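Scrolling down, you'll hit the structures one after another.
Both complexes shown next keep chain A, but they swap its partner, so chain B is in the first and chain C is in the second.
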Partner chain A sequence: MTWTDFAGLVPVLILLGGAILILMAGAYRPHYRLFILAGISIALTACGVAVFSTSAVKEVSGIFRCGPYADFFMALWSLLGALTLGISFRYGEERKFAPGEYVALVLFSCVGMSFLSMASSLVGFFLGLEMISLNFYILTVFHRQSPEAPEAGMKYLLLGAVATGFLAFGIALIFAATGTLKLPEAMSGMVAGGQIVPLGLLAIAMFLVGVGFKLSLFPFHFWTPDVYQGAPAPVTGLLASGSKGAVWAAMVPLGAGLAGGLAEIVPLLKALALLTLATGVLCALVQDNIKRLLAFSSVSHMGYVLIAFLSGGLTGERAVIFYLVTYSIVVLGSFGVLACLSTPLGEPRALSDFKGLAYRSPFLAAALTIFLFSLAGIPLTAGFIGKFHIFYSAVRAGHTWMAIAGVIASLISMGYYLRLVFLVFQPRTDSPSPLAVCQPPGNIAVAFCSVLTLVIGIFPAPLLKFVAAILSP
Partner chain B sequence: MNVPFSHLLIIAFLLFLMGLASILVRRNVIRVLIGVEIMLNAAGLVLVGSSALWNKVDGQLFAVFLMAIEAAEVALALALVIYLRRRKGTLNINAFNEMRG
Partner chain C sequence: MATVVFYILAILALLGTYLCVTRSNPVHAILYLVNVLFAVALMYYLLGAPLVAAWEVIVYAGAVMVLFVFIIMMLELTPDQEMSRVGWLRWGPTVLLAMVLFCTLVLFVAVDPETSRVIVDTYVAPKAFGYALFAKYPLAVQVISFHLFIAAIGAYYLGRGGGSRKRSREEGDE
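== the complex of A and B ==
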């Protein structure tokens, strides 16, 4: 590893160094507001450096890939980290979060996400994924007095650890079967002479169990609602957007290997995609808790992304990444609204809490409406463009019936998104609302997300072109 | 190599299954975590063995990373175990099932 190698990792090193400094400063003079602002500026600096960086090297240590693809995701995850800290401003202060640790953990998890998206070897993949998971195990229980935190923390820790076990064994078997840990080669090495090599199928299955857990795909989704409900709202926002998005960002380069010789497991993945969609949508319909509703909605959205992933090709990859970007912004924004509406007594729980929100807090009601419209895929929002490209890629790849299933699922999903929108605009007559009225800068982060959702929804072309450009450098 | 690779794989599989069985059967958080450690060690064994099989150091390198991550995970998990014990007064997994829906 030389100095030029370090140059490719500058944004991540800024995040890492900043996080360590804040962690140490927190031991001496903890000051919540100052630390949050420092964390936001570190994350925004990293984001800016990533946008303008041009790395000389293609790969660092044979583990991480540099280039436009890596820079794009470093910038995206740093931005998400800054937004998460923004929406935690009042939320964490009211709950007396330890400032040094909180800011450092959020930045560390952004480092993990960046590493995961840059992985060009299974070593980098595993390290990035573990870095995210270890940080989120702590962040989930960061509000220690919360009545739901112990259960959420325990479920996430134990199931996450088991998933890690499966993932590690899967990677070990991939290495045993192919003799390499490099990413495209390890996947294409699974197929020799049109046949999957011995151990190959088992290795892929174990690998998929581990990844499926992190992405909350169908049989491994059951932790999602409990963890989302128990974790603090800003943390849930980052968990739902960044940690899943980073896994997808690392999976996209593997998609090519799938088309090559691993065609035998594609029907299984198709079935998983449909079951994930169905479970997410149908379970979300019956939820009364807003965070559980968003949890099952995130399960269903992972199903949409899997449809695009299976379509493959440049169209499919572009659809995956475009959807990741828009979904991350939207979902972080919706959890931002929840964080803004939280009082020291607790977060919004029942859907009926949102009744009359439009009359008390028109700005947050408008933002929430934009996010819900985007999640439902209504035109003029980013979600519509994202879904359109997913279904388009599925039809182009000849998976027409999967596109039809996706359309049906998104029609059903309108049921629960629009029900919440109606509640928001209904006048409240009975009891006073338990929700808070927000102050900046949580407001600023939410406004940023909602404006971005609309801008991408109305002018999607620049982002689409950009995503296509980073995919084919 | 004196020991055939298949023997090593069989042992690693047995270890993995033992770890998994301990996770499924045991109700104490600490015992479940021990099960996870056994699973990760099975992965380490396969990595080191395949390193010898393919004559490459990649597997050994990964095994070292794996050990570091295991250590971090255990340190964190035990801190969480103390927190859980303080909050609930028990480490039985079945006590943590209040969320529904």
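== the complex of A and C ==
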């Protein structure tokens, strides 16, 4: 390992160094607002460096890759980190979050996401995933006075540890089957004569259990609503966007490496995708708590991404990455709205709390409407373009029925998204709203997310071209 | 010979794990877990990884288990009435597991030259292991050190007494 190797990791090193500095400063002179601003500037610096970096090396230490793909995700996760800190500006101050630890942990989780997306070996994959998980185990219970936090944290920790065990076992079996941990080789080594070897199938099954937990795919989604409900809103935003997006970003090269063997597990993935979609959509319909609703909606969105993933090919990969980018921005924005509407007494809970929001905080109501439209996949928003590409990739790969199932699921999902939009625009006549009045600092991040959602929805071509460019080596 | 020993150890490990997770008394559970860790360590040795085997014993069976016992003592998890009836049924299985493990260990020491010849193709010397760790995967070691760092931050933050937490508990009592 030499100095040139480090050149490819500069954005990550900025995040790590900044996080440690803030942590140390927090031990002496904690100042919440200053630290949040410092954290945002560190994350934005890392983002800028990642955008303009041109690394000479292809791989660092044999476990992380460098290049456009890695740079893109380092920039994206740093940006998400900055936005998360932005939406916690007022939220965390009211709840007296320990500033040093909070900012450092958010930055550390961005590092974990970057590592995971850069993984070029199963060692890197595991290390990145664990770094994310460790941070979120802590961030979930960061608001210690919250009565729901301990349950959420405990569920996430215990189930996460079990999932990690499965993942590690899966990786060990992949190594046993192929004798390597390098990413394209480890995956392609399991395919012999167009079929996956038996040990490889067992390995993939174990691997899917671990990854399925992190992505909250169907049989492993039970933690999602409880953890989303119990965690602080900005943390939930990052958990729903970044940690899942980073797993998908790491899964794309895995799927590509499996190439011909992917066809063999497609029936399994199809079943998983259908069940995930059905569970997410049908459970979200009956939720009355906004965070639980968004949790089940996130489950269903993972089903859509899985459809694109199993379709494979360049179209499928492009659809996965485009969708995870847009979905991350939209979800972080909607949790940002929740954070902005939170009072020191608590976060918005029941859907009826949102009644009449448009007359009290027109800006937040507009932003929330944009995010909900995007989640529902209504044209002119990023979500529409994302879903369009997912269904396109499915049809192109010959999985027409999956596309039809996806369309039906999005039609049903309109039910709960539009119900919330109706509530937002209904005049409130009865009781005063328990929600906070719109206040400036956190809104900048929300405004940024909503503008980005619209811009990607109206001019998707640049992002699509860019995603295609980073995918083709 | 190596295969037979491996299966004996595998059965011991599985049996010990089962007994560990089904015990209601945490101290008993830990005793079974120590047996399991020893069995796993011997398996590593059998597979030609003596350094990992040594670490398994020193770090897990040694340090981590002491930590567990320490936590159990601090939290006083053991029910008092258990103390009165300590019979064969309670500590018999542990002793049996430990005895079999000990016999396997003696077997290892006694016929070591033969065993190492059988497994020579997967044997990794401590030197080669250290070289792989610090020359081939130095970044991975750094990342793992960050994992520990983050875990330490979390333990410190969540375990920090006084202040806000105490207040909330008092409010809860009222």
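Everything that follows uses one rule, which is that the second predicted complex is superposed on the first by the 464 of 473 C-alpha atoms of A that agree within 3 Å, B and C clash if a C-alpha of one lies under 4 Å from a C-alpha of the other, contacts with A are read in each partner's own complex, and residues count from 1 in each chain.
The rule we apply is simple: contacts are C-beta pairs under 8 Å (C-beta built on N, C-alpha and C of every residue); 3 or more make two chains touch, one makes a residue touch a chain.
Here the structure is a predicted model, which is why all the values come from computation and not from measurement.
When the two complexes are overlaid on their common chain A, residue A:Leu157 makes contact with chain B while staying clear of chain C. Legend: residue contacts after superposition of the two complexes on their common chain; A:Glu130 is shown touching both chain B and chain C. In the superposed model, A:Tyr392 lies in contact with neither chain B nor chain C. Residue contacts after overlaying the shared chain place A:Ile171 against chain B, while chain C stays out of touching range.
Within the superposed three-chain arrangement, the count of touched residues of chain A is higher for B, of the candidates chain B and chain C. Of the two partner chains, chain B is the only one touched by A:Asp226; chain C is not. With both structures placed on the common chain, the touch criterion links A:Tyr359 to neither chain B nor chain C.
Once the two complexes are overlaid on the shared chain, A:Ile138 sits against chain B and chain C alike.
Shared-chain residue A:Phe466: touches no atom of chain B or chain C. Of the residues of chain A, those at positions 123, 127, 130, 134, 137-138, 141, 144 touch chain B in one of the two structures and chain C in the other. By the touch criterion given at the top, residues 1, 16, 23, 60-64, 96, 98, 101, 104-105, 108, 111, 115, 123-124, 127-128, 130-131, 134-135, 137-138, 141-142, 144-145 of chain A touch chain C in their complex. Taken in their complex, chain B has these residues touching chain A: 5, 9, 12, 16, 19-20, 23, 29, 32-33, 36, 39-40, 42-44, 46-47, 49-51, 53-54, 56, 58-59, 61-62, 65-66, 69, 72-73, 76-77, 80, 83-84, 87-88, 93, 96-99, 101. On the chain C side of its complex with chain A, the touching residues are 136-140, 143-144, 146-147, 150-151, 153-154, 157-158, 164-165, 168.
Chain A contributes residues 122-123, 126-127, 130, 134, 137-138, 141, 144, 148-155, 157-158, 161-162, 164-166, 168-169, 171-173, 175-176, 179-181, 199, 225-226, 229-230, 286-289, 292 to its touches with chain B in the complex.
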